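You will see two complexes here that share chain A, one where it goes with chain B and one where it goes with chain C.
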Partner chain A sequence: MSIRAEHLSYIYNEGTVMETYAVRDISFEIADGSFVGLIGHTGSGKSTLIQHLNGLMKPSRGTVYYNDEDIFAEGYDLKRLRGHVGLVFQYPEYQLFEEDVLTDVMFGPKNMGLSEEEARKRAVEALHQVGIEDEVFVRSPFELSGGQKRRVAVAGVIAMEPAVLILDEPTAGLDPEGRREILGMVSRLHRERQMTVILVSHSMDDVAEYADRIMVLNHGELAYFDTPREVFRHHKELETFGLSAPEITYLAAELADAGFDIDRDISTVEEAKAEILRIMGS
Partner chain B sequence: MSKLIQAAHLFYDYLIRDENDNVMATEPALSDFSLEIEQGSFVCLLGHNGSGKSTFAKLINAMNLPKEGTVLVAGMDTRNEDSLLDIRMKAGMVFQNPDNQIISNVVEEDVAFGPENIGIPTDEILRRVDEALHKVGMNAYRLKSPNQLSGGQKQRVAIAGIVAMRPECIILDEPTAMLDPTGRRDVLEAVHELNKKEGITIILITHYMEEAVDADRIVVMEHGKIAKDSSGRLMDDTPREIFSRVEDLKRLQLTVPVITELGHELKQAGIPLPDGILTRDEFVQELKKLRK
Partner chain C sequence: MIRDITIGQYYPVDSVIHRLDPRTKLAGTMVFLMSLFVTSSPVGYILATLVLAGCIRLSRVPFKFITRGLRAILVILLLSVSFNIFLTPGEPIFRLGFLKVTKEGLLLAGFMALRLVYLVIGSSLMTLTTTPTQLTDGLERSLRFLNRFGVPVHDIAMMMSIALRFIPILVEETDKIMKAQTARGADFDSGNLIQRAKAMIPLLVPLFVSAFRRASDLALAMEARCYHGGEGRTKMHPLQYEHRDRVAYILMLVYLLVMIATRFIRIPVL
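Up next, the complex of A and B:
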């Protein structure tokens, strides 16, 4: 069980002088239950790539396999796929539209053909999972705070009980508490429901903390797909891609240069704390 | 230093209306908020969503008017309609989404829009556009179409559009929220340059604590006023002082920069580091002292 891309390319204006590759010849396999951080500069192809994974965009070349089935083959049920591979767009709160929170979250499951009753059950469960309390269910989604709206929008996708959850910059524009809430919730879904997560983010600190694998796109090409440790080891290259490494990775390098016997390839506060306590001998 | 912005006892409410436009409820956004900002300073406003930061920003350049209290910009009252144009020239705003702020098909035309609008003569406009694009490091792109630019470049064009108005103050409301790391860094560098070299007063609203480290002053907001720490002091001080109060910031649903957090964690684990370490360099120096 996995998502596998094979020689995936998406070309704008193919065959004209304006021909541009949004993604170029990308191949990878994401195993079930992994937490992948997807990073890349603006315009590197992240959003284009993820829209191929649930069949919203059709590749110019190559294809995507979900559980070994070619999702772009004749007759493949894309609607069913979208129940398995849930995609939360950037600023998903702009897509809330129903009169109350519960009805909004029920839209996805109902669309999948579930009964009113089953859809309601799923919606309630999803809302609890994202930490929205019962008294909010009857309120208009437009009265909620930014962080709440976003959690309701995520619940709308979770209610379809996808096996894979893809989130495109889910924390953009949120305050630190809102960011922590969203990421904590995603990490819980990953742990408790073994959901595969693909998290698109501009925060290197966040992907370092949560992801077990990091995928790096640069000008539409797959530059790295490896553990955070291996990827952030290449921080000089990442900088030429318009990215950076987490602050902690830079700090570790500076401490090592100053003669401290510290592991250079750490990337989180927790790792740094353990390393420094070790080298300071306490 | 003179006070460029003097806000005294501001109150502002958002009105929640029903379908028939009757006011159903009022949501207070500022309540008895006072703040003075010195000319030439770099001030960072922090606070969780809904704490009143953006509301205050919009009162500075008279996009909204206070329900009670006064805002003076360079001595001009924002409620005086005759000063409106002067105030907006003195205090320009940059918003979160770069795509909503660019209107022309060519970068230099976009930057020229403001000065053109207030009737500046053509040769003077050209001079200002040239100057403004240089100051934000975007001169190489002057003939490009904005849709060929990255988010960070677009934000710098938006800033140039304000610089071309020769402002005394720029208010930036989460200008980097949608940018990648390089875009974020470039925008902040441009803003710091404008502050240091041109003496433009900067008011930066951000949710990224790292961006507040180099400010002259941080003001933390909560419930429409300046937040207080556990001992009752106002959270209005230098970055080092503010970020030393890790527990207070957490209570206010904020965080501290990653390096400060690491220092704090280590201190609690028994390593005698000082409070409020802000940068990697400081951290390395402090740890070296302990090694000896």
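Up next, the complex of A and C:
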């Protein structure tokens, strides 16, 4: 059970003067139950890449396997795949359209062919999971706050109960409070439902805290796909991509330079705390 | 299909056509459109085809790119052709139940189709070779005389340029919302007419909401930058006619005169 990309390339405007590679010859395998952070500078091909994983975009070259089946093969049921590989777009609140919150969340499950009752059950569950209270269910999605809208939209995808959840910059445009809520919710889903999560972001700090693997894209090419520790060890190279390591990694490096016996490759505050306590204890 | 609309899109290459003054291109397009309605003889259509082909060649825009705009008018094209074929009175060729096909009808339908196709190609060629800013600058300049009659030319030109600018944005937005809803299992491609119309709701509601939001954001941004209409506003790139524009105008005049002349040439075969 996994998602595997093989030599995936996507070319915009092939055969014209505007021909550009959005994604160039990318291969990787994401194991079930992992939490992958996908980072890259604006225009590095992150959004293009993830749209291939549930068959919304067709690659120019290469293909994607879901559970060892070629999803771009003739006759493959893409609609069913989209129930398994849920994709939350950037600013998902702009896709809300129903008269009330609950009906909007039921849209996905109903499209999967579930009965009205079952769809309602799943929608209620999903809404609770994202922290939306019952009295909001009957309100129009257009009169909610920004953070609430975002959570309702995410619930719209979760209600399909996908095995893989892909989120494209889910925290864009939210305040720190909203960011924490969304990220906390995603990590809870990952833990409690054993969902595979692919989190697209350009905030290193967010990604470092939750992801067990990090994928770095640069100009459409896969630069790194490794554990956060290994990836942030290359923070000099990351900077040439217009990215950076988490703040805390820089702090650790400064402390090490100042003569402290601290691990340079720390990437989260928790790790830093443990290291500093260890040093102070010795 | 939504991505096939080429009107309002710019194809960035450098060519003689691209470098022409936008006013010249506007006039050229007008002349070309007029010529299509002035002529009714095959000679005229052959000439128009040659001129159009020549302009496309000069513009260095790939032919494939230009004809993409045609797919969007396919339905209108089919409708007008079939109406013309079946509903034009004249010398019948054969009957199909209560419908009869006439020689005049076939000819008219053929010319009608050619006209429509050339109309779209001609105007796409202009927008493909002219940036929206140039286009509205050109329009504003050419129509400035209407100011005297109380027509707010600048405002209209500004609205046009905004509308043109919004086409690709809304197309992109439609594409994005469509994908987002497809990711939620929506199906836009199958089912009967009523099911398909219903399937449009999850697309149209967010699209309208977003269009209004964008419009209001833009209005705010313009006001924040003290936009107050055309009065006393200067241009960064004032329009200036060059030698090639004068040549183009002469060619246009010759072309139009010849096209008018073809009206009076009768070819005995048809």
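Criterion: the second predicted complex is superposed on the first by the 279 of 282 C-alpha atoms of A that agree within 3 Å, B and C clash if a C-alpha of one lies under 4 Å from a C-alpha of the other, contacts with A are read in each partner's own complex, and residues count from 1 in each chain.
Note that a residue touches a chain if its C-beta (ideal position, glycine included) is under 8 Å from a C-beta of that chain, and two chains touch if they have at least 3 such contacts.
Everything numeric here is computed off the predicted structure, so don't read it as measured data.
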Which superposed partner A:97 touches (first chain B, second chain C, both, neither): second
Partner chain in contact with A:174 - chain B first, chain C second, else both or neither: first
Dominant toucher of chain A (residue count), chain B or chain C: B
Which of chain B and chain C A:260 touches, first, second, both or neither: first
Touched partner set for A:41, first chain B, second chain C, both or neither: first
Partner chain(s) touched by A:142 [first = chain B, second = chain C, both, neither]: second
On chain A, the residue positions that both chain B and chain C contact, one per complex: none
Of all residues in chain A, those that touch chain C in their complex: 15-18, 51, 54, 56, 79, 82-83, 86-87, 89, 92, 94-97, 107-108, 111-112, 142, 156-157, 160
Contacting residues of chain B [partner chain A, same complex]: 16, 47-50, 96, 150-152, 174, 177-185, 207, 209-210, 253-255, 257-259, 261-262, 265-266, 269-271, 280-281, 283-284, 287-288, 290-291
Chain A partner contacts - residues on chain C that touch it in the complex: 12-13, 62, 65, 176-177, 179-187, 201-202, 205-206, 209-210
Chain B-facing residues of chain A, complex: 40-43, 143, 145-147, 172-179, 202, 204-205, 239, 242-244, 246-248, 250-251, 254-255, 258, 260, 269, 272-273, 276-277, 280, 282
